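A short write-up of the structure that comes next.
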């Protein structure tokens, strides 16, 4: 094959996508609707869109880096100016389900309804959405059908590589911008005993070291540094400084570019040269591995 | 609006409130009364008021910083000289429920009874109390009603911002001095397998770095550094040194002030300029988010 | 009072007791006898007495520090030369229950039987035992009765202070050499998914920093640095180096002494000047704190 | 005895075996077959053989160190060129069960079937296998019978020492190359909420420090540094750099050798001088330790 497997990076040693999952109250409510009555917990989640997002937008302006914000439809609906306030600053808004419930715990019909209800919110608000990230990164064959059917340009929920790859689906091929637990702020900072969403709070200095070392090593393997941040976590002052320092460090190196997911995906689709992976359920013998 | 959103800080880059939740035996007993028969566990909790508080008071004297001590009524009742010993040294005592049981697991009536029983203890002891912190930081609409009804000057249990804000309640407006998991020593140090209240013990040096970095970054955003400490945890020698070093570091900078919660709240109420937030249950569709 | 509260330290800024809980298979079997059939798990625990203890004894020889080894009777019984091999090197052997089952989960009769069966093993082996540490540090009023009845010189299972104190019991007074979760290697190193006895493995360098900082700060408060180590954990090469470095660091300072528990306890009993604490169940209102 | 207990090291201060457990999807499917429908989770596991192994093989080439890869038969069967691709580069492939189910949760018959089915896969592929590591390091008396019966040269699943030892079985003696939780990347990096296989993500810099300190201390005790790595974890760029740095650090010292497990085991069998341990169920009194 003549295709250049490095072409999607346009000469950069590694490409970085800053992504913000603006989940607000949804992950907590998806655990149980009763948390709507836990006022402190709701305030903890509301901090994300209400205090965090404006602060993040200001930082991105100062740093002059574009970013991608994944919004559940429910969040965009409740805060009707939120999506536009992000797009107006030059960033991308993308689809993150309607309600942030897990695809693996919904029937295919319910999953379809939730997916399409989310898309409808953005359509109604005039927000152009071309990418998708599954709630909790939980995907099923229904997710794949929906990606193909709705002609999403990319998905960002799988973990099969640390470079973009192509999901080969029935009648479509969708760019995958893979994620990973180690490039997510949730595992480092999230603490909430009820619902139990995390039990350890790491120092931002540890997180900076870990992410910088990963980005550094990724330049040797031509990877996508697809960082997943949550405004209710990473917009707190000492943690936001990690994001700033990381961008400054990469800028100083000079061989790392920051882009919106949609721009990376478009280039991958155009220049090719990446792995193609046929996606489907793993076939197993139920005697060896019963449900 | 002409109001100066920085006025509450009186020129400081950030304001710090050292707060000590003197929970003693209550969080353990609130799990189950049977722990009254676990003598080691009781001794672990008793260390807080019996060994920790005197040591903390001595340190605060040496550092010449005022602090705020949140006491469950049950603790003040059992150790009748405790609250006075704190106030006599120039510090504030504030309301922290009677029994340290969770508001979200009590009926509104039981919550009201517990709240008022706690207030009665302080009244009987002649301790002037103007602020409140919910046990476990669990709040409900009943909490809000009680704050308004009992004319509390401030609450310190919510997480909707990292600067003071105003809770807009029916017929009252209460200053909120927000807390956060990352500014609490419990998440860093608490270890108790039964009842399970924590399972990791971080090094004080990590905690110092994290808190100093947060306070440092907060000076860029004009925040309230509302630090929540527990005498049974943070009065142990190596951890108390963290508190000392933090105060010394801030003093050296020169642009951070240390105050009692009541003094910050009074100024916020007076000069205004902060966010006003209408508090209530989040409205949800029970089909999307069932209980 | 004329008593000197520092007398028990004989001029040292802090006193350190290195203690080794040689639990071997007992904590795992106390979870369930079925683990006797899990050969790897049994080998993991056997490492303690079989590989760890000889290595520790060699290190203590080289460092010329005395230590205290707490042995469950079951362990001494199974390895009949173990206790003597420790005493012969100048160290102390003390009582750590017979079976390492939790006192709070046994009837008073079963607890008494277990306690006395443990003592009988040591008597039979001619090992002089004067101190006690409860399995899991779980104590009840029955524990206190047994301490008084069997005239134990000291106990080392409570957490009410970080300096020795006197347990005031019916008809006896027993020296308490208090322990704490933060001075135990279990919380830092123990990892075993089944039975679940720990889920995080810290770096020895973190543990060294934390313990050195604690010991350093303890010199300002005249404390007892009562370090609890487990041979199956702390005899692994990189962790044993922590113990060595800690002793060397303290030696270099010159104001910290290392002693056996029995020697500290004897001096406390002799010179007094420490807190006296009446021990018993905490009285609670069962309506506030139901079982 | 005239035997030299250091002979197996051939003059090295410590011996290191880099081992890679290429578990792929099996540990997740062993939890429940339903995870076959969780596409992201499957992709997370597939990263190991598909992206990780080729990257690791390249690194080992560059470093010129031999390694040992433990493969479940199921994985070798699904990716029929995987085992050969490893052996062709000069490394060893060894037996890691067929399905990665726990031996302690299978009947002896089912365990035997699984063990032999795994061996059959390698035989069919013409891969010479002489060593075994139990799935999850769970071993039973049946495991020991199978090791003896199938004349395995070594096992690597026990924790009774940090130097090789001999398992004395009925009619056979098998070299044990012991493992340990602290020399496994799973405890440091594995994060997966469902099935729950880990909940903390440590920084590679912490892991490097810990492993280097352990290897360093092991040179004083003549140990086997038997490092267990998983390609889906340790082949991520920043973590693979830890493996590289560790080898470079050891090379620079000059007194540590890197070998395949089979080569170490063969030498131990030949030169002897190691501990001999009779393996079997621990005998217990069911009244003291009920199931």
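To keep things simple, chains are lettered A, B, C and D as they appear, and every chain counts its residues starting from 1.
The definition used in the following text is that contacts are C-beta pairs under 8 Å (C-beta built on N, C-alpha and C of every residue); 3 or more make two chains touch, one makes a residue touch a chain.
Owing to the predicted nature of the structure, the values given are computational and were not obtained by experimental measurement.
Colleague: What's the call on chain A versus chain B, same or different interface residues, using the half cut on shared numbers?
Modeller: Different-residue interface.
Colleague: Give me the rotation angle that lays the C-alpha atoms of chain C onto its copy chain D, rounded to the nearest 5 degrees.
Modeller: That rotation is 90 degrees, given to the nearest 5.
Colleague: Farthest from chain B in C-alpha centre terms, which chain would that be?
Modeller: Checked the centroid distances; the maximum from chain B is D.
Colleague: Between chain A and chain B, what's the gap in Å when you average each chain's C-alpha atoms?
Modeller: The answer is 34 Å.
Colleague: Need the CA-centroid distance for the pair chain B / chain D, whole Å please.
Modeller: 49
Colleague: Residues of chain C that contact two or more other chains, please.
Modeller: 199-200, 206
Colleague: So how do the chains connect up here, line, ring, star, complete, or something else (other)?
Modeller: ring
Colleague: Can you tell me which positions in chain B touch chain A when the two form their complex?
Modeller: 104, 134, 137-141, 143-144, 157-162, 178, 180-182, 187-188, 199-200, 206, 209-210, 213-214, 216-218, 220-221, 223, 279-284, 286, 288-291
Colleague: Of all residues in chain A, which touch chain B in the complex?
Modeller: 25, 29-30, 32-34, 36-40, 42-44, 46-47, 50-51, 55, 74, 98-99, 101, 189, 191-192, 199-201, 203-206, 236-238, 240-241
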